[in-house]
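This is the structure I want to talk about, given as structure tokens.
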Amino acid sequence: MSEWSVTELMAAVMSRELRDGEVVVMGAVPALPMAACRLARATHAPNLEFIVGGSGTVSPEPDRLPLGSCGGDLAPAATTLPLPDVVLLEGRGDAFDVFCAGGLQIDAHGNCNLICVGEWERPKLRGPGTVGLPFLPNTKRSILYTQSHTPRTFVERVDFVSGPGHPTGADEDRPYRKEGPSLVVTPLATLDFDDSGRMRLRSVHPGVAPQDVYAATGFELAPGPEPTTTPPPTDEELAVLRSFDPDGILRR
Amino acid sequence: MSEWSVTELMAAVMSRELRDGEVVVMGAVPALPMAACRLARATHAPNLEFIVGGSGTVSPEPDRLPLGSCGGDLAPAATTLPLPDVVLLEGRGDAFDVFCAGGLQIDAHGNCNLICVGEWERPKLRGPGTVGLPFLPNTKRSILYTQSHTPRTFVERVDFVSGPGHPTGADEDRPYRKEGPSLVVTPLATLDFDDSGRMRLRSVHPGVAPQDVYAATGFELAPGPEPTTTPPPTDEELAVLRSFDPDGILRR
Amino acid sequence: MPFLDPAEAVERFLEPDSGLGVGGMQLSAAPMALVREVVRRRIPVARLITSPSASIQADLLIAAGLVREIVSPYVGFEYLGLAPGFRREVEGGRLRVLEIDEGSLTHALWAGSGGVPFVPVPPGLDLTDIPAVDPEMFRRVTDPFTGQERWAVRSLRPDTVFIACAVADEAANVAFDRFPYTDRIMALAARRLVVQVEEVVPAGALADRAPGSTLPSFLIDAVVVAPGGCHPTGFPGRYEADDEALGSYLRAARDPETFGRHLAEIVGEDAGGER
Amino acid sequence: MPFLDPAEAVERFLEPDSGLGVGGMQLSAAPMALVREVVRRRIPVARLITSPSASIQADLLIAAGLVREIVSPYVGFEYLGLAPGFRREVEGGRLRVLEIDEGSLTHALWAGSGGVPFVPVPPGLDLTDIPAVDPEMFRRVTDPFTGQERWAVRSLRPDTVFIACAVADEAANVAFDRFPYTDRIMALAARRLVVQVEEVVPAGALADRAPGSTLPSFLIDAVVVAPGGCHPTGFPGRYEADDEALGSYLRAARDPETFGRHLAEIVGEDAGGER
């Protein structure tokens, strides 16, 4: 089996989570979710479509993965939606299937935070802002991903909910919720959620011990089945990923 | 002086009412207001712009006047607005200066009705519907026109207000109003409004007596200055009008 | 397989007694190949929603007795006159009209496409008699920022929408040519969307089209290839409205008896011509 | 005479202490020739309104101490990191943030362009902490059709808007090339609109552009011809973002002292180059 980077593995994991015919939306810094979508199209989900952030391009397949979500290297695409239409369809709630997102903080119930660490009025760290994360519950489900699996990122409760996760007991009067986050992909592991909506460990990446994950997570993961080892990217998956990543963005 | 049709005269009258730099909107069956706008652009208002109904075309200058407001004969135009944007700008209230409109009924205060004659629940005559007439008060002023100057069209009070005119005493709590209708152009006369917002006779077309207008109007016109005779189209005006009306739509 | 015949598309995506939105403005771009199929199959429409100015695509369904209620700012034939079926059915008290204006309709479709339940309407409508006769579409709302009361329009999401576009590519993405009218926003609000097109172009051929002049295939349930299928209305840039055929319709539709014969001719029109 | 120099356009159409909307998404199409002119003249901005994702066009004004409050769903540098000026001023309690998300911002601009005073927001935002911290932009409204309470967002009409477009024709109509982002709807909501363009084409040259990819001259107060004027952000299809120049900015802006020197270089950038 070939050498692979952990980001390539993350792309393969996210790709396998996507189903044929689904429509995926993603935001800023789209290389990883875009690689996952293109890999899925090239393998098991030829009819999957994806929309790249503010560009509104639908399933663009440029020669190399883009760093940004709004640049000219995302054209041409078979069609492009104006951003205000993407926003409308995110609100409509039945147009998109999967939202790929992340956060400065992700909590035990999959809530995301791109606003601030600390008090909102006078934050210790001001994040960039929430962009489209409030629409997370409007897709059938979401896939969360981050390059930072640390106790500062993975917290019991986010300091500010800017992207809603699963409802907790106290939130049961919340008026609207679909499936919620289904998967969390990090450089160490894949995680999912139990029936109460609390995060648990699903698999550890090759070379990572469950204890490494527990130590890197700032809250107690819910108990679940024995974690497996994440299957690494296959040679076929790697060949596809590298066909559109000549610059090795996923290997940095 | 050349022979002219009464519709050509109406176009000339409407044209003279338009000012340089104004933006004019119009609806269905646009030949007459469009002729007025093009004449104004060719004479005293070179920077006037006009938007043709549902097409959203901005100041199109096709070889011949169109019968319809949404057909391919309105292209090309220097730019075209999507219809939803025209609707937005009509609501914004400061984008357009003049609305050219008419109705099945027009009343003493310039209210228009495109909905029904008789009771709304069971009308004697069902009109087509109001389209954009509720936006009449959102332009600085409006020019009303009709090919039918009869007591059935000109009524004391419309059976259904679908395009607002000047407020009457009873309506003084109405929350919003700009200048309102400034001119009414018919095959017999031009009419305007006194300070109370009631219609009065401004000029009779050549060959028409004031008594003809009074008899054709289903309500008592407000007193005003002695009506003048509408100046007929000049040779220059006729030459311009006919330059884009080879089919003689304005002479039918 | 989103490419379907008109018959298949109508059968699969228009439920009897549901809400139908029809595109096309005035005498242009009416999706007549699909509308005629509805008449052929005599599928009842619980609520017909039109563009800001509909003509024969609405009047034909109404004259055929298939429409229970209509949401429309205008049904007419522009320079050819009033709509005979619409007039007869409304004056006879057999068709419920949900009175609405162009602005409120457009905003209601915008809202429907965005999960927005209602929209406070801009100034102007409040000075008309329209909202008072249509409590189904208009209600009073209190502006939470100013405390002022004003009218709001309810959002619209048609169960099924039919529109006519210029072209589809082989992957079933579609593109408008010159004028999107309100057809594009109606399409975004649709629960099921069937698009009638004039022609098919190779995959990738729409890549240079401007955003906002196309619709991606994932929003579309079926594409029906029907060259000339807007007849007797026109398709801007391709063919003009057929005033003679429209005139025949207007004369025939004045009278239920002559209309019956005319209807048979009309619905036979596509019999061999389209796909 | 709507064609103006950046200096004239900014002087005539941006009032000190007014509301300014700036277009451009992430690291593309920021109207930097105009923004740098604001910095050069040190014109204070009472409220800065951005696209759903702003970068240097917002951060530069903020780092220069010119912005009192900001309405923005995102200020950052995408793959290059966080926004140093924005971070420093917010963390220091010197910049008021009216927290908003992409959807509410887009709808607020849509509403502002249409005389619609507010819009009830679609589902999702109600599950976040955002509306509770921003009573200026969000209030509870009662849906008159269902009786349910929900959040509404107030409409936005920036006093002045700056956007970058691809081309203007000689009659000062402008056109977008690939991506209109939300710049077009922000332009429709503007009270005064200044458009920076890459090039000028002959009158009539935009006639084939799709509706929705252009803006007519009557909506535009001034066109500023500034080839390359989005630098250091890119203009899709013409030039890419200059990551090196952006990196220099990011390093300099971390520290008020180095930033002062950098600022002098930055605002000197257009001195001879444009027009």
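Should a chain be cited, it is by its letter among A, B, C and D, assigned in written order, with residues numbered from 1 in that chain.
The rule is simple: a residue touches a chain if its C-beta (ideal position, glycine included) is under 8 Å from a C-beta of that chain, and two chains touch if they have at least 3 such contacts.
What you see is a predicted model; the values in this text were computed from it and never measured.
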item: Between B-D and A-D, the pair with more C-beta contacts; value: A-D
item: Equivalent of B-C within the choices A-C, A-D or B-D, defined by over half of its residue contact pairs recurring; value: A-D
item: Where chain A and chain D are represented by their mean Cα positions, the distance between them in whole Å; value: 28
item: Centroid spacing, where centroids are CA-atom means, of chain A and chain C in whole angstrom; value: 39
item: Centroid distance [mean C-alpha coordinates] between chain D and chain C, Å; value: 36
item: Per-residue multi-chain contacts in chain C, two or more chains; value: 103, 107, 110, 114-116, 121-123, 178-180, 209, 211-212
item: Residues within chain B bordering two or more other chains; value: 56, 75, 80, 82, 87, 91-93, 138
item: Chain B-touching residues of chain C, taken from the complex the two chains share; value: 25-29, 51-53, 72-76, 78-79, 82-83, 86-87, 90-91, 93, 99, 101-103, 106-107, 110, 121-130, 133, 178-182, 184-185, 212, 234-238, 240-241
item: Interfacial residue positions of chain B with respect to chain C in the complex; value: 28-29, 53-56, 67-75, 80, 82-84, 87, 90-93, 114-115, 120-138, 160-164, 171, 174-177
item: Interfacial residue positions of chain A with respect to chain C in the complex; value: 23, 49, 56, 58, 75-82, 85, 87-89, 91-95, 138
item: Residue numbers on chain D that touch chain C, as the complex places them; value: 103, 107, 110, 114-123, 139-146, 150, 152, 154, 176, 178-180, 209-213
item: Residues of chain D touching chain B in the complex; value: 110, 112-116, 169, 171, 173, 188-189, 191, 203-204, 206-209, 211-212, 214-219
